[in-house]
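Quick heads-up: structures coming right below.
Shared between the two complexes below is chain A, which pairs with chain B and chain C, respectively.
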Partner chain A sequence: MSWGMLFLQTITNGLLIGAVYALIALGLNVIYGVMDFINFAHGEFIMLSMYATYFMFVLLGWDPLLSLPISMLMLFGLGAISEIFLVKPILGERMVIQVFTTYGLLLFLRNIATFFWSSTWRTLPTSYSDVVLSLGEIRISLGYALSSLVALIFTIGLYMFFKKTDTGIAIRATSQDRETAKLMGVDVNKIYMLTFGLGSACAGVAGVLLTLVYPIQPEVGEIFCVLSFVICVVGGMGNFMGAILGGFLIGLTESLAGFLVAPAYKHIIVFIVFIITLLIRPKGLMGK
Partner chain B sequence: MLRIKMLRSSLKSKQLELLLMTLIALCIAPLMSKSTYFLHVMIMIFFFAFANNAWNILSGYVGLVSFGHGAFLGLGAYTSTLLLLNFGVSPWIGMIAGVILTSIVAAALFLPLLKLSGHFFALSTIAVREIIRLVFEYTPYVGGAMGLTIPIIASSSLYYFQFSSKIPYYYIALTLLLVQILILYKMERSKVGYYFIAIRENEETAKALGVDVKRYKIIALVLSASFSAVIGTFYAQYFLYIHPNSTMGVLISVEMLLSAVIGGSGTLLGPVIGAFVLIPVETVCRVYLGGMWEGFHLVIYGILLISVSIFAPGGIYGKASGLLETLRSKWRKGK
Partner chain C sequence: MEKLSSKEAITKIQAVVVSVIIAIAVIVAAYFAAFPPSQKPLVTEVKIGGIYPLTGAYAVLGRNDRYAIELAVDEINEAGGVKSLDGALLHIIFADSEGDPKRAADEAERLITVDGVCAIMGSILSGTTSTSAPVAERYKVPYVNEGSTSITLTEHGWEYFFRVTPHDGLYCKFTFDFLKWLAKDKGVPVKTVALLYENTLFGKTAGDVWKDLLTQPEYSEWELVADIPYDSKSLQYDTEVMELKKAQPDVVFMATYTEDSIMLQKTFHRLDFECKAFIGIDGGHITQYFVEGTGKLGDYVFAEARWSPDLKRSISQEANARFNERYGFNLDGHSARAYTAAYVLYWAIEKAGSTNPEDIKNALVNLEIAADEIIMPWDGVKFDSKGQNILGKGCIVQIINGEFRSVYPRETATFDPVFPQPSWEER
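For the complex of A and B:
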């Protein structure tokens, strides 16, 4: 394979994983945009969804893509419950308190998972995970292709939800001006619960898709959580399109850095890009 | 009036008495108990109290929450260890070198980030910590992912900071902590301390009142990083083994803030109280559940962190002193 083809292959890989990253970051960003709140346990929600998918596959034989709605609903419920019991009491509090509440949730979930499922790496071998598609000289693993396709479908679905449905419009109204939305008859408490649920459902869907391409472990959420923070900041905090742009950008940076420098250094370069963006455009590429 | 004044002065002397008694108890404790396990737990309490105090300067007083303090601790540990292994330099000198190097690195890497506020600063500290950790992990000269082992040079030598017994470590850790608390006590009552709190409470107002916000943020950062580097050297000499994950990873960075947050961040004694609560919890968990549930103490920490955030946002220290204050005023009214 020529260097040019390898380069194209790298870009393809970056874009494919970028779609999944975009969905993860979207979950975080929707919550931040509406509630001005950062969920540090976002990565742990992804991890729980990965385990749910894994066990439905191993114990019941359900394919990840078929059990996807179940995982998504489970995570929606988990998000809504966390909102009621953990987030609501501290919404008006100082930022420090918000950080430490969800950080406590992170510690709790991660170590409970270690206890129940041990820290061994598990993989989920589907019938199609070894299939490789060829597009000219470029090879794409079917697992990556499917996960990126489904992530795109969900992203577009979420966009339509915010644009077209009454609830979506109510959520956007709340994010723009909470007090006015309240005066217009929007039940802000319900909107918050729904938003947190939706953001967590994004993590849920992303978790299912990640099982196709990534091994499962209790600490797997760490890197995805950090990456999604990076994506949100690079793209623009609270900005829908920002998360998508950032997702693809970071996916590309990661795979290009792995190809041009060394795979080991890919995250160093992602973090350097993150800090440079923070310094040049603290509000992110799409932020106002 | 007079009664209240007398009451107040007697309370002050009572507090002083209590403090002195605690000190004496801590000083003679190793003589009373020969158990190395007890000594280890106490050393860990001092260690984490010191590390959390270091974090508290930047994050508790100035309010810039950092998840990256492990990087400072690690840099201190690596500097003194590399100097010792390559040039036979005493870890005490290495400790000073570590403080200088860590201050420079902290200033160079974190300085541009100081203008960020709130969530953004917290997130960027994760990135900076990861950059430093990954660089150490992929550089074979500093041991790479395998880390560095400090060979036993002398069975008991103050020069090489190595002792076969735990008692010297106990006294060194206790002294370090006491000196640090004294410095912080002075800091809290100087204008620097008031400026720190002013910046935390309202940066714009502080600026408007003439506080050089940037300068005091740098002072807090360098102080915070220096103390972390000092305790990093202690870590290396106590465990005699360091590697990037254990000295710069997530876990140590989080443990450097847990005691402070649970005990009461932004207060002088909060981190110490936190360490005295958390480390025994960890020990009990390890003793009773260690084999079957490695991370159980972290589950408890998680629950504690959530409960403190929701029910006692000022930490245990804040809650306790608040309760004491209401009791006292009630009692006064009764009189």
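For the complex of A and C:
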């Protein structure tokens, strides 16, 4: 394989993983953008969705892509319930209280998962997750390609929802000015519940797609949590497009840094990019 | 008058009691003077402590080791106990370390001071062994370790510490010796190697040992073309595998945990990285999760597994059959070593013929066990001045159709290894 081809393969890898990264971070940013609220248990929501997908596959034989709407709805429900019982009482409180509450939720969910499903690693053996497509010399895993594609469709769908529907407009209005939206007759409480549900549904979709490429375990949320914060901050906290841009940027930076410098230095370079971004644009690339 | 008479009465009783006591003492003394004790005091029970992580993240490892030790102890007791102590029975008292170094040290102290054990076994994890062994050292109680492989444990100059298992350095060297034999046996030259290891203590140690070995003349025929430490909590390993694609090594040596071993194997396939062999050390590759997680893609991987249930040694087969009959699953790399360590301690007590920790320690120092007496594929058990067993060996397995088959050392192996591995397309 020539250097040029290796380089092209690296770019492809970066873009494919970037799409998955973007989806992981999206939910976090949707919630923060509207509610000014950070859900530290975001990674655990993804983990729960992974388990839901896994068990629907193993027990009922449902393919992850078919059971996706169910996992998404389950996570929407979980998000909405969490909003009512955990988030609403502390909304508008100091940041530290939000951190403690959702971190508590994180520990609770992680330990519940360990209790019920043990710390065993599980993998979801779909017929297509190990299939590799060849474009000339470039190789693309069907699992990654499918998850990027679904991520893209879902993101566009969510974007259209925010732009075109009345509810979407109400959500955006609330995110811009909570008081004015209230005066215009928007039921802010309902909007918050919906937003938290939607953010969690994003985690749900991310979880389903991750089962195609990643093993499942109760501690797996930890990996997603740090990553989604980095992506959101680089892209712009609370900005819809920011999460997507940040996802691709981090994915590509990792791949290129690993290829051009050395894999051992890829995280150093990612964080150099992270720091430079913050120096130039303290609110992230898309932040206002 | 009343008072005086009662005082007199007491004095009389006291006098009787005292004279009886003196009489008994004189008789006993006379007895021992006439028949000096040719035997040590009668011992009916030999108390041994066992520190294992019975709850917490490592509970499964702890449970399996406990099962293996209980099986060994029951076998020893059924065969007549410690014969040099008139058939005294071994009694093992387990303590839960929870995998926590602090807790392990406390439990060691309790076993010695409260339960009065004459030796301690433990404790799987290098972290808990490094805190509990110094406690035993302080109380001068021998500590027999079955499976903590951190090199440093035998470098402290502890006199009461005896490690039955080979350490990481020896295991790493063993994988190199295996490849040397393999290349020669199959007539397939190996010129370049790559190292791929996770970047915390376990993987980093393996990486450092391998790099050090490569500088020695013994292995100078191999050129190191890629040295890749990685973070085992990554979502993707594309960059690491691309680096390997650039370097084109003949063989890749790996030290992995679970999820990364699965992800790496899938990425090798996805990005079409070909080489002659993957050789893993312990870690992820020897878990059932790796086999399940990679399916057919995991075939032909070599791994240093400590032990394999298919070893060609009748004593190993029999012990595994008994274990399986009792618990419903096979011995593994950890529990097989725990079983062996329990026997090593028993042999030492038998040889010492005493429950005095000092005598047991001296027996361990001079202990020599032949290869055919143990279930591990080793040359036997003999401790050097640091307390390290110098006759230990590794056990290389190859995954064939999702099953681990032992391939090296050849004396105990049951399968002829496949090398070089078929390309992804040929599979």
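Here is the rule we go by: the second predicted complex is superposed on the first by the 270 of 288 C-alpha atoms of A that agree within 3 Å, B and C clash if a C-alpha of one lies under 4 Å from a C-alpha of the other, contacts with A are read in each partner's own complex, and residues count from 1 in each chain.
Here is the rule we use: a residue touches a chain if its C-beta (ideal position, glycine included) is under 8 Å from a C-beta of that chain, and two chains touch if they have at least 3 such contacts.
None of the values given here were measured: they were computed from a predicted structure.
Colleague: After superposition on the shared chain, which partner residues are touched by A:Phe57: those of chain B (first), chain C (second), both, or neither?
Modeller: So A:Phe57 meets neither chain B nor chain C here.
Colleague: Examine A:Phe76 and indicate which partner it touches, taking first as chain B and second as chain C; both and neither are also allowed.
Modeller: Neither partner.
Colleague: Is A:Leu279 in contact with chain B, with chain C, with both, or with neither (first, second, both, neither)?
Modeller: After superposition on chain A, A:Leu279 lies in contact with chain B alone.
Colleague: On the A-aligned overlay, A:Phe271 touches which partner chain: chain B = first, chain C = second, or both, or neither?
Modeller: After superposing on A, A:Phe271 lies in contact with chain B but is clear of chain C.
Colleague: Could you look at A:Val96 and tell me whether it touches chain B, chain C, both or neither (first, second, both, neither)?
Modeller: first
Colleague: When the two structures are overlaid on chain A, which partner does A:Val132 contact: first (chain B), second (chain C), both, or neither?
Modeller: It touches chain C, and chain B stays clear.
Colleague: Could you say whether A:Phe45 touches chain B, chain C, both of them, or neither, answering first, second, both or neither?
Modeller: A:Phe45 contacts neither chain B nor chain C.
Colleague: Contacts for A:Asn111 in the overlay, against chain B (first) and chain C (second): which applies, first, second, both or neither?
Modeller: first
Colleague: Going by the contact rule set out at the top, does A:Glu222 touch chain B (first), chain C (second), both, or neither?
Modeller: both
Colleague: Indicate the residue numbers of chain A shared between its chain B interface and its chain C interface, in ascending order.
Modeller: Residues 222, 264, 267, which sit in both footprints.
Colleague: Can you tell me which positions in chain A touch chain B when the two form their complex?
Modeller: 38, 86, 89-90, 93-97, 99-101, 103-112, 114-115, 222, 226, 229-230, 233, 237, 264-265, 267-268, 271-272, 274-275, 278-279, 282
Colleague: Mind pulling up the chain B residues that touch chain A in the complex?
Modeller: 59, 63, 65, 112-113, 115-116, 118-120, 122-124, 126-128, 130-131, 134-135, 138, 250, 254, 261, 265, 293-296, 298-299, 301-306, 308-310, 313
Colleague: Can you name the residues of chain A that touch chain C in the complex?
Modeller: 1, 6, 9-10, 13-14, 17, 20-21, 119-121, 123, 125, 130, 132, 139, 141, 144, 213-215, 217, 220, 222-224, 227, 254-255, 257-259, 262-264, 266-267
Colleague: Considering the complex alone, what residue numbers of chain C touch chain A?
Modeller: 57, 199, 228-231, 233-236, 238-240, 242-243, 245-246, 258-259, 262-263, 266, 269-272, 287, 289, 292-295, 297
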